[in-house]
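Two complexes follow with chain A in common, the first pairing it with chain B and the second with chain C.
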Partner chain A sequence: MATRLQFENCCEVGVFSKLTNAYCLVAIGGSENFYSSFEAELADVIPVIKTSISGIRTVGRLCVGNKNGLLLPHTTTDQELQHLRNSLPDQVLVQRIDERLTALGNCIACNDHVALTHIDLDKETEDMIADVLKVEVFRQTIASNIIVGSYCTFSNRGGLVHPHTSIEELEELSTLLDVPLVAGTVNRGSELLAAGMTVNDWIAFCGSDTTATELSVIESIFKLREVQPGVTMHEMRKSLFDSFL
Partner chain B sequence: MRLEKCWFCSSTVYPGHGIQFVRNDAKIFRFCRSKCHKNFKMKRNPRKVKWTKAYRRVHGKDMTQDSTFEFERKRNRPERYDRNLAENVLKAIPKIDKIRVTREERHHKNRMKGKKEKLQREAVKELEQSISLVKAPSVLQQDPSLTLPKIKVKVSQKQSEENHAMEE
Partner chain C sequence: MFGSSGMAEEAGMFKVHQTIGSVLCCKCGIPMQPNAANMCVKCLRSEVDITEGLLKRLVLVHCPECESYLQPPRSWVKLQLESKELLTFCLKKLQKNLNSNKVRLVHAEFIWTEPHSKRVKVRVKVQKEVLNGAILEQSYPVEYVQQEHMCDSCTRVQANPDQWVAAVQLRQHVSHRRTFFYLEQLILKHGAAASAIRIKQMEQGIDFFFSNRSHGVKFVEFIGKVAPVKSRHDKQLVSHDPKSNNYNYKYTFSVELSPICREDLICLPPKVAVSLGNIGPIVICTKVTNSIALLDPFTLRHCFLDADQYWRTSFKSLLTSRQLVEYIVLDVEVVSSEVTIGGTKYRLADAQVARVSDFGKNDTIFNVKTHLGHLLNPGDYALGYDLYGANSNDMELDKYRGLVLPEAVLIKKSYEEKRQKKRGKPRAWKLKSLEMEVDDKARVDQDKMVSEYEQFLKDLEENPDMRFNISLYRNAEYQPSEMASVTDGDELPSVPLEELLADLDLSEDEDGEDNMME
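What follows is the complex of A and B.
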């Protein structure tokens, strides 16, 4: 089930929030609207935490995490680190890493089993990812873009990649990640998927500019819609994919 | 807010002081004052500049390895806040400081051990070698002691008269 929302009139929801299966990080906004949209859906299921990272509100792009852990850049202040550690459940390992590329959310895309990383990432960081997030790490490009964390987003059930990804690359990635992938856009044709939306296994949040077509693609690939018996769903999906690819 | 260390001299940089330089490879250099900043711009190596902590450590003037330094290390994996733990840590900090200071003093004392004897030996040697600067060799032959004789000076009575003049 996908929800449309805005952060202070900006449709890039994935920039200001980080959603995983075990927790959700939200930026501190002027009004509580953003936070309350997340809270309305998630409050009794997973903790929703308001935070900044090194004083910056674009938490979605600076950190990376899954249900096993959370990785933060070295610029994170001690107070923020402590706040996150106190608010997150104990199974989630919070770790600050020393890495030249501090925008970890733009460099690393991950779900609970696999991670795709920027090519120029340090070896120690790669080991740290495998250790803290408990994932298998692959260095990849997506449609010749090295910042994989922005141009693709995937959960344990499905994934969305840059619209200009070729079919061969799509199949290669799909076998690597073990999830079905589709090339799509968000927020009226924006290629930056991870910046425009945030998703976990049962819910997705998109920018309010997202068209109905994009929303239905998202709902189908991430398997967010309740399973409807019958052919109509199948036909709808086929027609959507045809018009897209 | 975090109290950082100056890259050049290793002193603490308090908020509102110093300059931070970020190089193109994203390495951050923090300086406590313009003295350290200017030395850095001159490409001086802190390990060769006498007044820095780096020099003192490398040349054995200050303690290098000690368990008290482990407490001040930067940690990247935080622990959940526990009030008792925080209280114990706050109580322990001055104790650890005291221990570190005593250990540093001990290190200094060890380093300075044998200084007194060395000075004594040097003084004796100097006396033997350079007594000619003070006492002529002919006089030395008559009186072979290396110390100067005591000269007694008689004080005259005129001084009391001078004082009266001053007091008026």
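What follows is the complex of A and C.
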């Protein structure tokens, strides 16, 4: 199921929120609308936490995490760190790491098993990611863009990549990540997928500019639709390009 | 792990062949190649109209009389429908608008419209950059509405067809028209009267009418270069627009040619003779261009008189070519060697001559000095001025005390005898003429005109330097005579065939198709 929303009239939802299977981080906005949307969907399932990171509201792009842990840049204040440690469930390891590239969300894209990182990431950071998030780390570029964290987003069930990705690269990535991938756009043709939307295994939140076509692509690749074997589904499937292993 | 086909790069790297995948258009969902906007072309076009704000309808002002279009603010340019120039003209009107909207013109062509529909349609293709780098190309029609409006020159012509703005009045106060025949040919060769709207033949001159003052000035300057002239100009107010302070004038140029012609006998005024180095007061004029060439036949001294110099102290000729008398040469004795002055050869000689009218009747013989020693042989005929029998009433002559006048001055050799044989046969060449109106009020003696023209043609035949500035055309009707011509001592001078121009005959003639055309 995919929901369309806006943060203070901006459609880049993935910038101001971080959604994983175990928790959700949300930025502090002027009104409570943004938080309420998340709360309405997720409140009884996972904790939804309002926070900032190093005083900046773009929490989605500064931190990276999955159900196993959360990594924060070295600029995070102690209060924020404490707040997060308190709010998050115990099995989630919260760690502040020393990395030159502080926008971890832009540099690293991960799900619960695999992570793709920026090719200039430090070796220590890579080890940290492997330890804290308990994932396999691969340095990659996507369609000649090195900030992989922005141009692709994936969950445990599927992934969406930059629209200019070639077929060969798509196959390669699919092999690495072990999930089906498709090249697509969000927010009316925007290529910044991770900035425009945020997703976990059962729900996705997209910017309100997302067109119906894009939404249907998202729902099908991330397998968010309730399983209803129907004629329409199969018709849809035929017109989409999927890459299965 | 790598793709199927790989191509070895020059660096030796193994490069994977990238196939571009397809994504769905974010608006309509059809599969397409990804582009900068990630929308299919149709959705992009529906979203963005790059022709917004561009001019689609313009006005062209057209003059129906002369088929020309107005180029603001004032000039009218003649253009054909569906021509490249018209396309350029139309596009220029769009250019400013296109530039301000930052679109680039890629292609333009005409869409066919009915000739009487007063519409000119152009299909224009433009390119513009939209939405993060994608360049969109779109073509749209531009309609030009043609409004009819008479241009200024046509209005003036309509109002008064004979309207002229500048008039040049060419006058020469002599009793013959030889100069004007020659000038006519010069004008034709150089096309100086191409812009004249009317040419009128008056007594003692020709009037040229122009629609523009600058044309008149140009013509006067041309005449000044080929003949010694004195000119003055005047203007007359025709109309005055007090609001815009526009004054319309009629300009007249009065050009007077000097009355001295070739082969004239002149008695120089004492002042002029002294200023020219004491050249003998009796001189012959040998050549008139923009300066007058004078030759003293007894000493073979020559000099030139500029137009300014002449008009400062103008003088008239003593005897003109009308008064030439035929002499028969009895004896020639060469005195000096041949000299070349100004391109022509002269030779001083003593000659014994008698007037043809006297020959056989009485014994009047004159011993004269002449400059034609290189041409004359005993038994030849020559033309000259009879000073012995002439009764001159010249003021200048009186100023000279103790001047001994020669009895006769020979001017040129006469070919009259030989011409008798060729009488009636057409020449191998012909001349073109200007379209002149002849004033009915002026006294026109047809016979006199014809004989003068004939004389002019004879002059052309005899003088190669006169032919220099004139175009002669081959006469289509001339056939060389079959009879073997009886060759005398010397041949009649005629125009060699090489000098003749083949007349480019563009009109529909029955015999125009023969090899006389270029």
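One rule holds for everything that comes next: the second predicted complex is superposed on the first by the 237 of 245 C-alpha atoms of A that agree within 3 Å, B and C clash if a C-alpha of one lies under 4 Å from a C-alpha of the other, contacts with A are read in each partner's own complex, and residues count from 1 in each chain.
By definition in this document, a residue touches a chain if its C-beta (ideal position, glycine included) is under 8 Å from a C-beta of that chain, and two chains touch if they have at least 3 such contacts.
This is a predicted model, so every value here is computed, not measured.
*Asks:* Give one word, clash or fit, describing how chain B and chain C relate on chain A after superposing.
*Replies:* Once chain A is superposed (C-alpha atoms), there is room for both chain B and chain C without a clash.
*Asks:* Which partner does A:V217 contact after superposing on A: first (chain B), second (chain C), both, neither?
*Replies:* A:V217: touches chain C, not chain B.
*Asks:* Examine A:A2 and indicate which partner it touches, taking first as chain B and second as chain C; both and neither are also allowed.
*Replies:* After superposing on A, A:A2 lies clear of both chain B and chain C.
*Asks:* With the two complexes superposed on chain A, say which partner A:G184 touches: chain B (first), chain C (second), both, or neither.
*Replies:* Touch partner of A:G184: chain C, not chain B.
*Asks:* Which of the two partners, first being chain B and second being chain C, lies in contact with A:V137: first, second, both, or neither?
*Replies:* Neither partner.
*Asks:* Tell me which partner A:I97 touches in the superposition: chain B (first), chain C (second), both or neither.
*Replies:* Touch partner of A:I97: chain B, not chain C.
*Asks:* Please work out whether A:L173 is in contact with chain B alone, chain C alone, both, or neither, and reply first, second, both or neither.
*Replies:* Neither: A:L173 stays clear of chain B and chain C.
*Asks:* Classify the contacts of A:L192 with the two partner chains as first (chain B alone), second (chain C alone), both, or neither.
*Replies:* Touch partners of A:L192: none, neither chain B nor chain C.
*Asks:* Is the number of chain A residues in contact higher for chain B or for chain C?
*Replies:* Comparing chain B with chain C, the partner touching more chain A residues is C.
*Asks:* After the superposition on A, what does A:L19 contact: first (chain B), second (chain C), both or neither?
*Replies:* In the superposition, A:L19 contacts neither chain B nor chain C.
*Asks:* Taking the C-alpha centre of chain A as the vertex, compute the angle to the C-alpha centres of chain B and chain C, in steps of 10 degrees.
*Replies:* Reported to the nearest 10, the angle reads 100 degrees.
*Asks:* Please state the minimum Cα-Cα separation between chain B and chain C in the superposed model, rounded to the nearest whole Å.
*Replies:* For chain B and chain C in the superposition, the minimum C-alpha gap reads 30 Å.
*Asks:* Does any part of chain A touch chain B in one structure and chain C in the other, and if so which residues?
*Replies:* none
*Asks:* Which chain B residues qualify as touching chain A in the complex?
*Replies:* Those in contact with chain A are residues 1-2, 25-26, 76-81.
*Asks:* Going by the contact rule at the top, pick out the chain C residues touching chain A in the complex.
*Replies:* 1-3, 16-29, 31, 34, 37-39, 131
*Asks:* Taking the complex as given, what residues does chain A use to touch chain B?
*Replies:* Residues 77-78, 81-82, 84-86, 90, 93-98, 100, 102.
*Asks:* Would you pull the chain A residues touching chain C in the complex into a rising list?
*Replies:* It comes out as residues 163-172, 175, 183-185, 188-191, 211-214, 216-217, 239-241.
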